[in-house]
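As written, the chain order gives the labels A, B, C, D and E, with residue 1 at the start of each chain.
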Amino acid sequence: MQKIAELMRAKAVELLQSSKAERVLAWRAGEFFYDNAPAAFNDVDACQEIVYNEFCPANLAKYLIEATKQQKKTVVFLKPCDTYGVNQLLKDHRIKREYFYAVGTPCSGMLDVKKIKELGAKAITQITCEDNKVIVETPYGTKEFAKEEVLLDKCMMCKGNEYKIADEELGEKLEPIQFVGDRFAAVKAIEAMSAEERFAFWQEELSKCIRCNACRDICPACSCEQCIFDNQEAPVGGKAAADDVEEQLFHLIRAYHVAGRCVGCGECARVCPQGVKLGLLNLKFIKDINQFYGAYQAGEDATTPSPLVSYKENDPEAEEAVQRRG
Amino acid sequence: MQKIGVFVCWCGSNIAGTVDVAAVVEAVKKIPDVAYAVDYKYMCSEEGQKIIKDAVEEYGLDRIVVCSCSPRMHEATFRKCAESIGINPYMVEIANIREQCSWVLKDVKVATEKAIQLAKAAIAKVRFNNPLHPGQSQVVKRALVIGGGIAGIQTALDIADAGYKVDILEKEPTIGGKMAQIDKTFPTLDCSACILTPKMVDAACHENITIHTYSDLEAVSGYVGNFDVTIRKKARSVKADICSGCGICTEKCPARKTPSEFDEGLRNRGAIYIPFAQAIPKVPVIDREACLKFKTGKCGVCSIVCPNGAIDYTQEDELITEKYGAIVLATGFELIDLENYGNLGYGRSKNVITSMQLERLTNAAGPTEGHLVCPASGKEPKSVVIVSCVGSRDTSGRGKTYCSKVCCMYNAKHAMYIREKYPNVDVTVFYIDVRTPGKGFDEFQRRAVEEYGVHYVRGQVGKIMSDKEGNLTVFASDLNSGRHLMLNPDLVVLACAVKPAKDARKLASMLTASIDTNDFYVEAHPKLRPVESPTAGIFLSGMCQGPKDIPETVSQAGAAAAKVIGLLAKDKLMTNPCTAKCNEQICSGCLTCTNVCPYGAISGVEKEVVTLNGTREKRVVAVVNEALCQGCGACTVACPSASMDLQGFTNKQILAEVDALC
Amino acid sequence: MIYNYYPGCTLSTKAKELDVAARKCAEALGFPLVELPNWQCCGAVYPMAPDAIAERLSAVRALVAARDNGGVLVTLCSACHHVIKRVNDDMANVKEIQQKVNNYLGLEVPYTGETKVLHYLEVLRDVVGFENLKAKVVKPLQGRNIGAYYGCLLLRPGQVMSFDDVERPEILENFIKVIGATPVIYDMRNECCAGYMAVTDKNLCKEMVSEIQDNAADAGAGEFITACPLCAYNLLENAGATKLPVSYFTEVLAEALGLNEGGAD
Amino acid sequence: MVINNKERAEMLRQLAGTNVSLCIQCGRCSANCPVAWKMDVLPHRFVYELLNGGNVDVLLEAKSPWKCLSCFSCAERCPKGVSPAAIMEAVRLTHIRAQGNNKLNPADLENYDDKMPQQAIVAAFRKFNK
Amino acid sequence: MLKDAAKFEPKIVAFCCNWCSYAGADGAGTARKNYPANVKIIKVPCSCRVNPMFILRAFQRGADGVILCGCHPGDCHYSTGNYYTRRRMALLMSMLNFMGVAEDRFRVEWVSAAEGAKFAEVMNDFVVQITALGENVKLRDLRCKK
């Protein structure tokens, strides 16, 4: 990964110097090496601060909206999974192709520092990956974990190492993650519950929410000028009362809202400070859409219309669809 | 502060009989902003409207709620009333307390409570109503009539005579329709062809009429005043402009195994054929499925004998596009097939025939040159049984639930002209009821009995059997005498139910015209708008709307034409102002909405907009073409940011109703 | 698929030929019949009165037994088929009957018409397939003009029996073609033979059967086949001057399949 | 207890379980009945009397129900889905459900033709006896 | 306070498209085909105008049942509106099921302008169904776990 970071810096410098771009979107180190954050780099010097390691989960795609507005050609580094979000933004006409230069950036899975800490690693000083092992250095000694144990949940549903959009690719593609199981397993487990159990599950989950809006802010499909939740004219409007529709049904509405446009990146669940399993709602819609209307992956390309703005004459009726899911 | 007036109609006893209207008035008076409320016997009457107008003046009302019948009945009336006193017509809401309340409920307390709630919902909605102003759209001064039977021809002639261009679209190779097949017409017994063919010629010669025969409707888009239509002119395999209509090809064609549609299968026609002598256009057509040239590559006789070289085996279907302001459906009818009535022996014995076959058997231009014979033996019958209601008034699933309306009269006609020409032939009509309302109709039917000695037996036939020689045995009941009969007629005529043309449903889908479960087109109102489809700009003429005889069809054709003329006479149409509207300030320009608009009314336009921060910015936003938008609202739901809203049915209005009812 | 089989009372006594041939052919054609244990007589006539619950019980018991053993019930006698299929329809669609019967029987799992009732002919047509059957015919009955006699119960009411076109059936004619003979269509093939009048009004039977015999003979039939023992009885025993021979369709089937060799012919 | 005509008509309607109000009196039932020529009161009349006439005596005294073959051609070919056969059955049941009204004597069984199928005997005893 | 089950009168909102189902409801009225007063109709131009959020809002505000009626697929006055409706509502219904709330309180029915009798039948049936389910509390309680 360190090698990739070097390549990124070199590429950023090259593109800025050749005037192919005015700006670079990449990651900058945070307080610790494991809390890297998205950042914009406007000149060659600044580019030296670009970092890349197993702790760069954020998708930079959404920052391209600003680039498009400012009409500034921007270099953006995209991990394979990030490219789906870019395509979705293109499809939604929120970004324009002429204002960004996409550099495919290899990824072998991002790690979840929370998991590492939960497994007992304290005061982490260094983390290195070797094949499927993660070695964690702490003042109290070295700990070793299987990668599977400490990968981000979203990386356990990795879509592979292909870039769906890229002007060029940096270095060689890395081996795709090997622990990908059935991404709908958790959804199926809930489906198998009784109605009462399902209700109890969601009541438990959704009651944790503090309405911080992190889930919507991170989402590459949530890119409106003004969010419906902030629009008084919208059918969900009405901020005042705690018993309002918006308050009670926020997650259902949010998930429905991006149905057909959600690329399944898992970022919403990752950034939730309360650990609400809200990504399952998105996955449920993806599963239903695949099952009712045929396989569809949002962000696969920038042109195919979403299943919610298309139809077939022999689509299943609502009741039929629910039963068919079985 | 808003000033809402609520007007509660009794509709005589229709509403007041079940709803305590005074209680409704009292209840709504307590609602904030309701400045005035009153009930009256007939709000739609002039006196009722005056009450509304006076109240507006006296109380300075700015919004009106009428609790009355369905808005489909009188919304327009009350909107006009509001407009006449300076209130924007779209500031009116209707609470439907008749169809949805007094007519479906019996208990006064329950009905009154529901009426109050419906009134509350309407009041909740009207608070969010905004004045709306209809736009205008151009009217294309040309009409399309689909179907070239008597209904279509008459409609087209009436429109053309008024000075407008009109096209007739006919799927068969000739216009004329079913009336051309009929021998004589009731109640005058005059020759059908003699009165139809001059009209066919008129239509063909009319400078304002263009006829497309052997053609199908391929695609339709647009809306009232502006329909874009694609017509498929099927390949005739004969060059119409060169053909002289001499008919040599039709005589020489060696492939003669196809039953003639026009003669109801009573004789065969060639693969190249002209349906009948007076066909218009008199240009043959090659039935490619029957033609040896097309099937085997060998033959080509027609092309050899044609003196003009008009045969063209390579002709292809042609697609033509045209714009129309109005479309008339005149697609007519056909007889039901009798597959569910195997007990009647149709198809098993040639001597059991349909009424339409009888028309061809008695027609001088028919397969027997008008000699009535039994098809099996070729001999004149000695006795004929006519069976009414075959497949009509049948709710068992075998036939049609409705009365076909024309059979009683044509049965009398058939019986009469058999007796007229062959006084020795005994004719018995089995009937359930004889239904002959209409001018001179009952008199006509009575003549069959009184002057022509036709036997009318109240009863029905059961099984019809035939032996090896084709002799028929008919079991029947005679209800008036309580007897069971066994007869041996030589010919049985089945008065089959009529049904709408096969492609009626397909056309309804293409035109978004309403259609009922029997595939008859639905009129906008059964009494007050009988020749219009609920879809603006689509009109109905003839049997396609419901069973009717020729005089009725011709009247309806004229009525449909008058409606079309009324439409085409306008230069511009007021468009429905309840269109989608984009809030450009928050529109992100994602253009998801464009995917679901059936009219292509939304486009992305780069505009300078004021952002939410108050700054100006140039970006793409969705813009609705109000002339194209029909106001379905699909875009409002597709829009992720709720910047698309539907005027007249805004999110706020609908949610206000939801809140008021929950 | 398990082919639960309901022979009915007549097939185990007076119409053994119908039964024996049917079992033999079924075996040969790969759908061995499994006789329901402890079946009771269906009652021979469908009890039309909605309050006739007891009269429906034996049919329901057979249906339940079939449901619990794979869900298919094959019948052969037209009357049994008629009664069982109509009672099954009642159990599926007539709430009152469904409730009363279930209340009476006190089944562990209430019965609501789940069993699929198939006539033997339907199995031949829809499961074996006439084309496949044709391939197994070793002794085509060439030169025989056979009039299929449907009678009334096999076809009516059309909406419940949904067996074939109730006025112009063709299943037996197609069957006749498959076994190599020539079907003769005559008008009275789906008219009643006078049925149980055999017991009370022999003269009426004779009058009605004569008409059927004449009608078939006039159309060129040399013999009848039928699926109903009572039809067979009436056609034979109450015939007048015309007396075409009658056999069960399973008998001619066995003949065509070559299963009669060494049999008790 | 005296049961009036109206009540008896209602009892028959219940017992028949077919909706007579659908009847349009077309007479197809009577035309189709293969034994109509042996009947004193034709099938359509059985529907009519329960629908309008209320002359239940005519039905109860008629010989027709004892001629009816339950062949269902009347019901099958009724354009309205009414079953005159069910009314015939209701009339039969009205008779035989009353004590001592059996039409067949089990002792006669031995006189029956020995080829007579069980089916015929069971059927006849169902139709004519309680 | 728990309502007396026997006297429970459910609140039911019916969204009806103007061209088919609202006309069908008028037809039910004209033919005097009774259905309970519990059903209150909100007119929309087309079933595709009905935002799933409207339905959620109705439930959240106390509706015990919501039914959406439109033209039969293929017969939409606007050609394609109800096709979109069908997809939107299938996903909504499936999600309500997934969350263990109210999917059986929500129904989609296609009722044409000619089907007045069907309209009344559907409403009668729906009222029976909702009455049997009792008061709707789940959607309101979804985030109320203390």
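Keep in mind that, in the parts below, a residue touches a chain if its C-beta (ideal position, glycine included) is under 8 Å from a C-beta of that chain, and two chains touch if they have at least 3 such contacts.
Bear in mind the structure is a predicted one, so any value in this text is a computation, not a measurement.
Chemist: So which chains count as neighbours of both chain A and chain D?
Modeler: Joint contacts, listed by label: B.
Chemist: From the C-alpha centres, identify the chain that is farthest from chain A.
Modeler: Centroid comparison gives D as the farthest chain from chain A.
Chemist: Report the inter-centroid distance (CA atoms only) between chain C and chain D in whole Å.
Modeler: 25
Chemist: Using Cα averages as centroids, what's the distance between chain B and chain E in whole Å?
Modeler: 30
Chemist: Taking each chain's centre as the mean position of its Cα atoms, how many Å separate chain B from chain D?
Modeler: Centre separation, chain B to chain D: 46 Å.
Chemist: Measure off the straight-line distance from the CA centroid of chain D to the CA centroid of chain E, and report it in whole Å.
Modeler: Between these chains, centre-to-centre, one finds 47 Å.
Chemist: What are the residue numbers in chain E that touch two or more other chains?
Modeler: Only 51-52, 54, 57, 61, 74, 80, 84, 88 qualify.
Chemist: If you look at chain A, which of its residues touch at least two other chains?
Modeler: Counting only residues that touch two or more other chains, chain A contributes 234-236, 308-309.
Chemist: What are the residue numbers in chain D that touch two or more other chains?
Modeler: 73
Chemist: Following the definition at the start, I'd like every touching pair of chains, please.
Modeler: A-B, A-E, B-C, B-D, B-E, C-D
Chemist: Give every residue of chain A touching chain E within the complex, in rising order.
Modeler: 187, 190-191, 193, 195-204, 206-207, 209, 234-236, 243-245, 247-250, 252-253, 255-256, 259, 281, 284-285, 288-289, 292-293, 307-309, 311-313, 315-319, 321-322, 325
Chemist: Considering only the defined contacts, which chain C positions touch chain B in the complex?
Modeler: By the definition above, chain C touches chain B via 159, 165-168, 185, 187-188, 191, 215, 218-220.
Chemist: Could you please specify the touching residues of chain E with respect to chain B in the complex?
Modeler: 11, 13, 19-20, 22-23, 25-26, 28-30, 32-35, 37, 40-46, 48-52, 54, 57-58, 61-63, 74-81, 84, 88, 112-115, 120
Chemist: Please name which positions on chain E make contact with chain A in the complex.
Modeler: Touching chain A from chain E are residues 51-54, 56-57, 60-61, 73-74, 80, 83-84, 86-95, 97-101, 103, 107-108, 138-146.
Chemist: In the complex of these two chains, what residues of chain B are touching chain E?
Modeler: 70-72, 96, 98-101, 103-106, 110-111, 113-114, 117-118, 121, 508-509, 512, 514-517, 522, 534-535, 578, 596, 598, 630-634, 636-638, 646, 649, 651, 654-655, 657-659, 661-662
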